[in-house]
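Here subunit A shows up in two complexes: once beside subunit B, once beside subunit C.
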Partner chain A sequence: MAIQSDKLALAHDPMTPRVMRVLKRCHDGPQTVTLDIEPGDSAPFQPGQFNMLSVFGVGEVPISLSGAPTDHDRLRHTIRAVGPVSTALTRLSKGECLGLRGPFGNGWPMQQAEGHDVVLVAGGLGLAPLRPAIYQLLSERERYGRITLLHGTRSPADILFHREIMAWRRHRNIDIEVTVDHAPPDWRGHVGVVTRLISSVPFETGNTLAFVCGPEVMMRFAIAALKDAGLGDETIYLSMERNMKCAVGFCGHCQFGPVFVCRDGPVFRHDRLGGLLNLKEI
Partner chain B sequence: MRGLERIIRDHPFFAGLDDAFCQLVYGCAKNVRFAEGDYLFREGEAANRLYLLRQGRVALETKTPGRGTLIFRTLNTGDLVGLSWLVPPYRWAYDARALESVRAIAMDAACLRQKCEEDHDLGYDVMKRVVPILIERLHGTQIQLLDVYGDPV
Partner chain C sequence: MPEQQSLTPNGLQALLDALQARGYRIIGPTLRDQAVVYDDVQSLTDLPVGWTDVQEAGHYRLARRDDDALFGYAVGPHSWKHYLHTPVQRLWHAKHERDDIIVTTEPPEAPRLALFGVRSCELHAIAIQDRVLLGGHYRDVHYAARRQDNFIVAVNCAVAGGTCFCASMHTGPKAVAGYDLALTEIIDEGEHRFLIEAGTPEGVEVLSELPARQASNEDIALADAILASTAESMGREMQADDVRELLLAHLEHPRWDDVATRCLTCGNCTLVCPTCFCTSEEDSSDLTGTEMARSRRWDSCFTMDFSYLHGGSVRASHRARYRQWMTHKLATWHDQFDTSGCVGCGRCITWCPVGIDITEEVKAIRETSQEAGS
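Right, the complex of A and B next:
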């Protein structure tokens, strides 16, 4: 009985990884892989939350959930191979084991967005943490106003979830614009920075929320463009990335001024961060 | 009001332009069309015109060894195509190709420069319209050069 209760305690210990298996591995662009992982007894997640994924003997990294919150059969994560752990994760095959803790952090303000227009600005892999929000917006379409997705990435070959974007464009009530930094001559879409697309969106000032996720430089410019378009700080939300280790606010590795990104974020309303984004020291 | 004058007034680049300035600018302008695939100008040619897009999309592109032609920016309805007409040596630094049927106002650059030189108020007004575009493109280029999407989010 004592052993049983110890096991139960461990199962709910946020610091103890649960061993899960990869159900499916799917290539999603250069050096980018989407893993479907068995959910086990994982708690439901909110769009914008993340899990800590570990490869035993290599290490652990935070990875945003990129699947539908209503899909209880798998936990989907989209990972780009950039360091030893993420590279090891992208090399996992169906049936192999990994460690999983989570879900952690807060999510996108889906409830606050009800009744409002929503503009999602995604840079590069930043589309992955926004995809669960898009699924929810589309599955409860009548609850929201105009939905616009602006996605910027490096080149046409780097467009994340390309087929899905095409399908959303064809079948769903969502405006989508994609821009790339450079393109071959046969490309017919936009070329230029994603912030440039913001000025073409017909905002209804006072009735629009913006969700922004991408490299920090891109987010700073996107925030400036959104504010130029009339959005207030209190209507702009961004997902921050820092060196998250414990994921529960113990270790302090992800401290960002007065907040811990893992515990208080990763999604922040812009006015909560104030001018911190422009400080080089943090 | 003549057709072209109205078109000039309606273009975002000249929004709110003073009547007298509009008369001056009008003398340098004409309507042009390009079919898909036509080049508005090519790298190395004299930058003797600027184009204000009324309809259509234009790709700015350059050739890179080993990678062929690369589009580094697209411009849309309402945009100004070309900035090299503004400063010596007045030479295009890239190609501009119509991605679809394009209608534009073509301005004779030498004519516009001459009028700006003769009337510094007009020159200042034109500069105030061009410089924000220049800055916006500079900032965009800055982000593109950083290759921010090459790194993890």
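Right, the complex of A and C next:
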């Protein structure tokens, strides 16, 4: 039996990348580069969403949007070189072509956060997918309560978007705490894991949402600390990372128990993950 | 109640001829490398006439029957996904032109495929892959094109294989939907015939071109009896109604450690499974870097690369990979696609080199969980 023809209304193959040019490239810390890419006819994105970026002949990887959702002139991505594809991406220079599919996935719960305090916990490069949310929170500042950003990195040199963080601190209504794992003698800030900062944040329990993004171990500790501080599982959102090949639910790689991270995430409310994060090797 | 008709073997050859006349490429069971595999079929003599198979955990062997049955065996290592969700598919190719890159989507191939001899479990498996690859927000254009002009001739199973458990999964042995024509083979007192019924308007049309006559009430009763006895003689069974809850409640059960000592993580089970759909992408380019392409191929959740994140695989242990596969099939598939991912075809049991049996693994978890009172 043939399938119904409405299933064949295939305007566009979701697996074929659009070719875009790099508008600008700048360093953002060790092995880390921010690329501005021409937007072409890309749909507007939500903070927390990601694109699949291809270097032709090398491969394709998921990379979060790290710029302002209201900036329609460029798609900003912040990439850390950790392997073949991410390294090739960080080596692209202005004017070169890359492939882009997306935006994919859901985003941070910006609407649910209205009227609430928001705590953002970012481990390392986890600040990149949170930055669009920060832009949106700050641009609609009056809609939210107290906003706190906790950022943890390995060393002061790894602090992502350092100058921007300084500027937010000075000019914007946001509390920011930065901590490093290893401090040189001249460092006067916090030392230790980012999750330790959580206990010192003044929360209005019952009126706070947490956005967490970073390595999985860090997120596990962050959830525990947030819960100790009085937050419920239903107020903690995290952005999950899994191997991804297709981003559209075909390849199976990004499964995390019952969910496809590409299709149902990458942002999940913690209670909806049913405790799976506490099990190993899911 | 659709009308049952009766065909002789010659009449069945007329069906193959009619499908070819309509421009279909017919794929059906054939014999190759001592197994029943799906390949091009033009005449009934291309089928495994007079053969059956003996299947057990980790064991498959062809054997002679004492008649000339055309469909006297169960399913082999192939499934229809070889033709619908092909092992390799180029997705696009790209070319450097001066300082520009032009990407061209691989045009989806839409062969007019007639699938001949599709078992009930396999109809269910195709319907499951339809949900996965066509039922969501995005559609797989290649699968869609290969699926769009199918003509499906189902066969109701007259024998159950040694590892079959479709009756437990409510996916067989009788085809109930998803076919254009369905056959039941009857060999009775040396007389060979097929009951045939149409499931779609195109099936009705093709059937009207065949030298069929009204089936006798005796034959209809005989076909029912054959199917009832097939359902009775399943080689395996699985209590499936609560298996999702059972597995999800026992993700840390010691049985996963036990199966991990046996499983080789070879991935055979995923390759033979008719519903497994996972793929990986691969980029290539010529030496000068002017021509590039991306292909996708079947992948398996048993490989280390499958769950790789910088620094290592999420599912590094055998335990975690077997658990992922089995809980996906029987549990989380329900959450994702509102259906089981297992149709009870038994292929994973037969083709596992060490004979790991999904029904036994479920049973072991069920029994020890009851002992423990949980």
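Just so we're on the same page, the second predicted complex is superposed on the first by the 270 of 282 C-alpha atoms of A that agree within 3 Å, B and C clash if a C-alpha of one lies under 4 Å from a C-alpha of the other, contacts with A are read in each partner's own complex, and residues count from 1 in each chain.
One rule holds for everything that comes next: contacts are C-beta pairs under 8 Å (C-beta built on N, C-alpha and C of every residue); 3 or more make two chains touch, one makes a residue touch a chain.
In this text, all values refer to a predicted model and were calculated from it rather than measured experimentally.
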Who wins on subunit A residues touched, subunit B or subunit C? C
When the two structures are overlaid on chain A, which partner does A:V82 contact: first (subunit B), second (subunit C), both, or neither? both
On the A-aligned overlay, A:G145 touches which partner chain: subunit B = first, subunit C = second, or both, or neither? neither
Could you tell me if A:E241 is touching subunit B, subunit C, both of them or neither one (first, second, both, neither)? both
Subunit B versus subunit C as contact partner of A:P184, first or second or both or neither: first
Which subunit A residues are contacted by subunit C in one complex and by subunit B in the other? 82-83, 241
The subunit B residues in contact with subunit A across the complex are 59-61, 68-74, 76, 97, 99, 136, 139-140, 143-144, 146-153
Touch list for subunit C against partner subunit A, complex: 91-92, 94, 99-103, 105, 108, 130, 132-134, 136-141, 144-145, 147-152, 178-180, 199-200, 202, 251-252, 277-281, 283-285, 289, 292, 294, 296, 299, 301, 305-310, 314-317, 319-320, 323-324, 327-328, 331-332, 335-336
Subunit C partner contacts - residues on subunit A that touch it in the complex: 1-3, 5, 7-8, 10, 13-19, 54, 56-60, 82-83, 95, 97, 99, 241-243, 245-246, 248-253, 255, 257-260, 263, 279-282
Which residues of subunit A touch subunit B in their complex? 80, 82-83, 86, 123-126, 128-129, 152-154, 158, 181-185, 187-193, 195-196, 200, 213-215, 217-218, 221, 241
